[in-house]
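Each of the two complexes below includes chain A, the first together with chain B, the second together with chain C.
After this line comes the complex of A and B, so read on.
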């Protein structure tokens, strides 16, 4: 195994990590504010992928340009689900909320399967198969653009959470819902906004990914444990932690590809997932000691 | 006599079984007999899941792991060693049980969603491993010459009969469980693990037992299922669809009810199968329906159809609901005539002069990161003492309380109960040796009756049913809640719930009773009532430690007062002396209190 191969794997892992960060940040934000595990997170990504596919084919637009509009669109779907379904579950019944999002995930997956069929669709752009070759590595343009765009979005998210009133109100709600309500924050509205942003980020991520990963109705199943692992590593509820976790997961996935046969790559991730939950469920930056 | 009572108790499952056999014997159509077999199979899967998910209340999303293990182990034995599935069956069941033990031991320390997430990973790991090991599409070795030996019948009715028999046995077993004490252990663990620990239940062990049994049954079913499918893929055995279906059928029918999964299966599986048949070209139709069903059920009938039917209250539907739920409903308890007047625990003895040290705290400290909540706290609690530990809010009272009762470990220091080092003892162990506590925010088992709540206080430790019943009534009379014995705990008012907690703590005749802010939220008459009850218990010989911040009230009732402030002990002695020490006055009372008293 050459050094170049290792660096290649590291580069690949980091690039993926950027996009995973979007998915993870959304999921952990939803958990932090609503204490809900959004099982359908990867399905929102899938919806974003398909939306990008159909829109870019129909309008002949680059998916990167569609990222924000599609993200907002998926976010609106998330808004509807949050207001219509999630808010109807009795507050505090975590099992019920989990089951509800599981139901949403099943519906979205299979609705797509029934409507669109199982064949994967990929959007091929000029940069899909183009490579940048610094220092002997091969950096795929599509992945690079996706990663850069993700980092921009993460930056915007950071500014939103720290500099805007709504962002700070959301963090307050995540920290202590009762006190947040006590100082006049509309907690229900924060829940809904968090879910909207979380699902929107997933849709956005899907748009960025469709140039190098094919859209398929069941694609979510490949990602869900990855995203969970990222956010658990970073500590449920911590956006910074989820970002860190996302990069770690990307690296682990990529590096394990050097050592293990293809079928077993994901086994590493699943085992790591269980291990983290058992050994240090609050993650590396966990601020929730509740187990 | 035993046979008569067996038949009576298990009327529902036996009747349904007889009907099932009758119907199945008439099904010659391949599709219908297959449907019957599948209904029975999923009912069995649901019933096995019901043990861990319904009765123990732990949302396991990885049930497929055990179904698949069962199927694949038997398959591997048959493929590699030619061992017939009947012999593979016990091996598979054992493997599934062992796997549950192996993953359950660490995973059941987690609670709630963390547990659910972890269980999600196990079938995924197994699915990948078995695909990697070459079982991508496994064919059961065919033996058309001896269908009985190799569990390979063309006629699905045989599979239906096997599954049906397993289901009936599960049903009878569950009914038996409902009549046993273990049922109450499970309910306590499901509803409130902290409260369950406080009454002496080893919650982790209870969950583990449920988990292992549920896995074993799932493994058993998996063996026969694989044989019936004939072509076995990792996805059909380990896929999330299997785990979801276990969840769906139980949820729809009635989670935590013996026949809930059967009812759920009767409703969902035929629909799913019809959809599969109708839209065979479009995969996913059935899963789509399950998704919708999950959402509808969670929002409208979260406890399942059986509960919903019971709620309807029409006479015939109620009976039907009762029929399916088994003969065990909540019994109406009647107070025994003799215990009515007895308000004190028997054996009230005068307090001896020379009292040994019951609980000794030596330099207990607790820090959370940089914050020191408790600093070198030392206290000797003597037998039969009535101690009040007071301090302003934020002084460290709750931390101290949690340290004394085993709910948290100290960062430093020692804790000795009757001379034995009990640091690191889990709360249930302390409860079993006579230490009982109440909670600052009461934790009753809301859906159980007042009687059952108090009974749970004594369920560990009082083996004899008659003695337990007597102790419960004594306790109920002691707190004057006997007239509310049959009311559900969550219908009680706040002060009554507090008294209920005290009663629950008293049932097992604890040697040490610790009360966490018992006076909070009570009006003066309720406070007096509680104090009277405590004084009576004290006369009967209990040692009581009371933690609160209402210093004036506590000062009037306890014989010894300990004051803490900012994690430090600043006073220990007789109330009227302690309340005069300058430190206490400055920290807590302010000089106005002293003036007001004079």
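After this line comes the complex of A and C, so read on.
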């Protein structure tokens, strides 16, 4: 095995992890604040991909420029779902919430299938098929841009959670909703905002990905298990943990292909997952603060 | 007087009854119901859409040319039914379509699993089925009502290696080594299993065998493995859109310029070209059961297809259905009845030697005892300048095989 192959695998793993991180951050934010496992997270990503496809085709705009407006749009859909559906389920009834998000996921998938058809939709830009080749490595421009944009967004999310009143209130709600309510924080409002930001992040991730992965109604199925794995690995409810977990998942997936048959890529991932949870059942970052 | 009136009434009733039967008979002769069962919704709806265009084009042409002459110019009425997305929905659709007892025959279904389910119902209800699905089980069970005029999966795999070797030799190229690259879905596993048997018999050594569980997270390491092994020919067994595009994109990025043969229609879809562009798709090939051959009738058909659909090219979904309807027309002319059992007998003894069907099948249409056309060849189409064109077998090819350089 050459050194170039190892570096190529590391580069590939980091690029993958960058995208997983954005999806995982949204999911873990929702869980941390609301204690809701959102099975529809990957479908928000799918909606983001389709929105980027249609807008960039109609307006001839780069999907990277559309990321923020599309993310906000998907966030507003999330807001509607949180207020119209999730808030109506008795608080603390996790089974009902779980089934509800699963239902939303299936409805979105099937609506997309009926309305848009099964044809994969691709957004091809000048950088889609372009590669940067430093020291014999092959880095796809579209994946690189998505990863860089993802890191910027993660930074902005960190600043929002640590430097703004709303962000701090969300963290307080995640830590102890009763006490947060006691000091005047509108817990219900924080739940809705968390769901809106979480789903918006997924839509944003979809926009970044559509230049190298085709938009299709069932595309979410390829990602949802991997994202859950990343956030459990990092520690449920921890944004920093989800980010780290996402990069671990990307690297394990990529590096395992060097040593083992590619068919065992996901098996290796789950073995690593079980091994880490045996040592740290709370996940890598599942301590102190949750958000 | 009373007796005369009674006699007249009986006579009038008799005439009325005779006229009614005659009129009803004439009405029955005015149309012949032929079924088209395909995936018009769900994940394979694009293929269903292309199938339907082919069937409708044939029906319009047959009817405008005077319909079924042996049935007094009866028009073909295409009865369309949607298989939906699963074997269960396909089975229900086939049951509903065939249980009415009015169909002379039907064509079905794109996916082998759907065709297998529908063929069982067709066999039970004695309605002949024409199919272009790849599974060889369809014509290995001794069914009397299943007919396939194109080649099946196993034959295609076996023929493809030989064909490429032959076409390569014409260009002074010898294929000595091959790589198997693809996912571990049932279709690809069967494909690679057949290749593992066939390639050594064709003096081709397998130098790389990379199989993944879809989706492939990063295609670059796979492409680098191919680049290092430097095989003469690559067999691509990626079944998902993103993996099919991803692997060809990675080949281009890493400078892997090899003869690459895919295992399905996913390598010749408009979306495949949209994602890669003509330059990156150039040279990628796939196998098909029917195709636009060099027969002038096929070229004319493609022109009509483009005008009608605004789609630049079509694969075997359209050409197979178009062919099926013309085969059924010939069988109905021979049977001179719309009775499904007699249409089956006519199909079993049919022998078509002229276009339209031969323009897409390449050979005469004839069926063996199992309902398979034993002469059906394997066609290889290759992307050339943004269009998939037939390159092998040479005798039917529209253009010569292009060897990547």
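FYI, the second predicted complex is superposed on the first by the 262 of 291 C-alpha atoms of A that agree within 3 Å, B and C clash if a C-alpha of one lies under 4 Å from a C-alpha of the other, contacts with A are read in each partner's own complex, and residues count from 1 in each chain.
Note that a contact is a pair of C-beta atoms (placed from the backbone, for glycine too) under 8 Å apart; a residue touches a chain by one contact, two chains touch by 3 or more.
It should be emphasised that the depicted structure is a prediction, and the values quoted were computed from it without experimental measurement.
In the superposition on chain A, A:140 makes contact with chain C only, while chain B stays out of contact range. By the document's definition of touching, neither partner reaches A:6: not chain B, not chain C. Within the superposed three-chain model, A:274 lies in touch with chain B and out of touch with chain C [touch as defined at top].
In the superposition on chain A, A:72 makes contact with neither chain B nor chain C.
In the superposed model, A:156 lies in contact with neither chain B nor chain C. Of the two partner chains placed around the shared chain by superposition, chain B and chain C are both touched by A:266. Using the contact criterion defined above for the overlaid structures, shared-chain residue A:59 touches neither chain B nor chain C, since it reaches no partner. In the overlay built on the shared chain, the residue A:118 is in contact with chain B and with chain C.
With both structures placed on the common chain, the touch criterion links A:214 to chain C but leaves chain B unconnected. In the superposition on chain A, chain A positions 113-114, 118, 261, 263, 266 are in contact with chain B in one complex as well as with chain C in the other. Looking at the complex, you find that chain C touches chain A at residues 41-46, 184, 210-213, 215-218, 220-222, 224, 241-242, 245, 249-250, 252-254, 271, 274-277, 280.
Taken together, the chain A residues at the contact with chain C in this complex read 5, 8-9, 12, 15-16, 113-114, 117-122, 124, 128-129, 131, 138, 140, 213-214, 216, 218, 222, 250, 253-254, 257-258, 261-263, 265-266. Across the complex, chain B is touched by residues 37, 85, 88-89, 93-96, 98-100, 102-111, 113-114, 118, 217, 221, 225, 228, 232, 261, 263-264, 266-267, 270-271, 273-274, 277-278, 281, 291 of chain A. Taken together, the chain B residues at the contact with chain A in this complex read 59, 61, 106-107, 109-114, 116-118, 120-122, 124-125, 128-129, 131-132, 240, 244, 247, 251, 279, 282-285, 287-288, 290-295, 298-299, 302.
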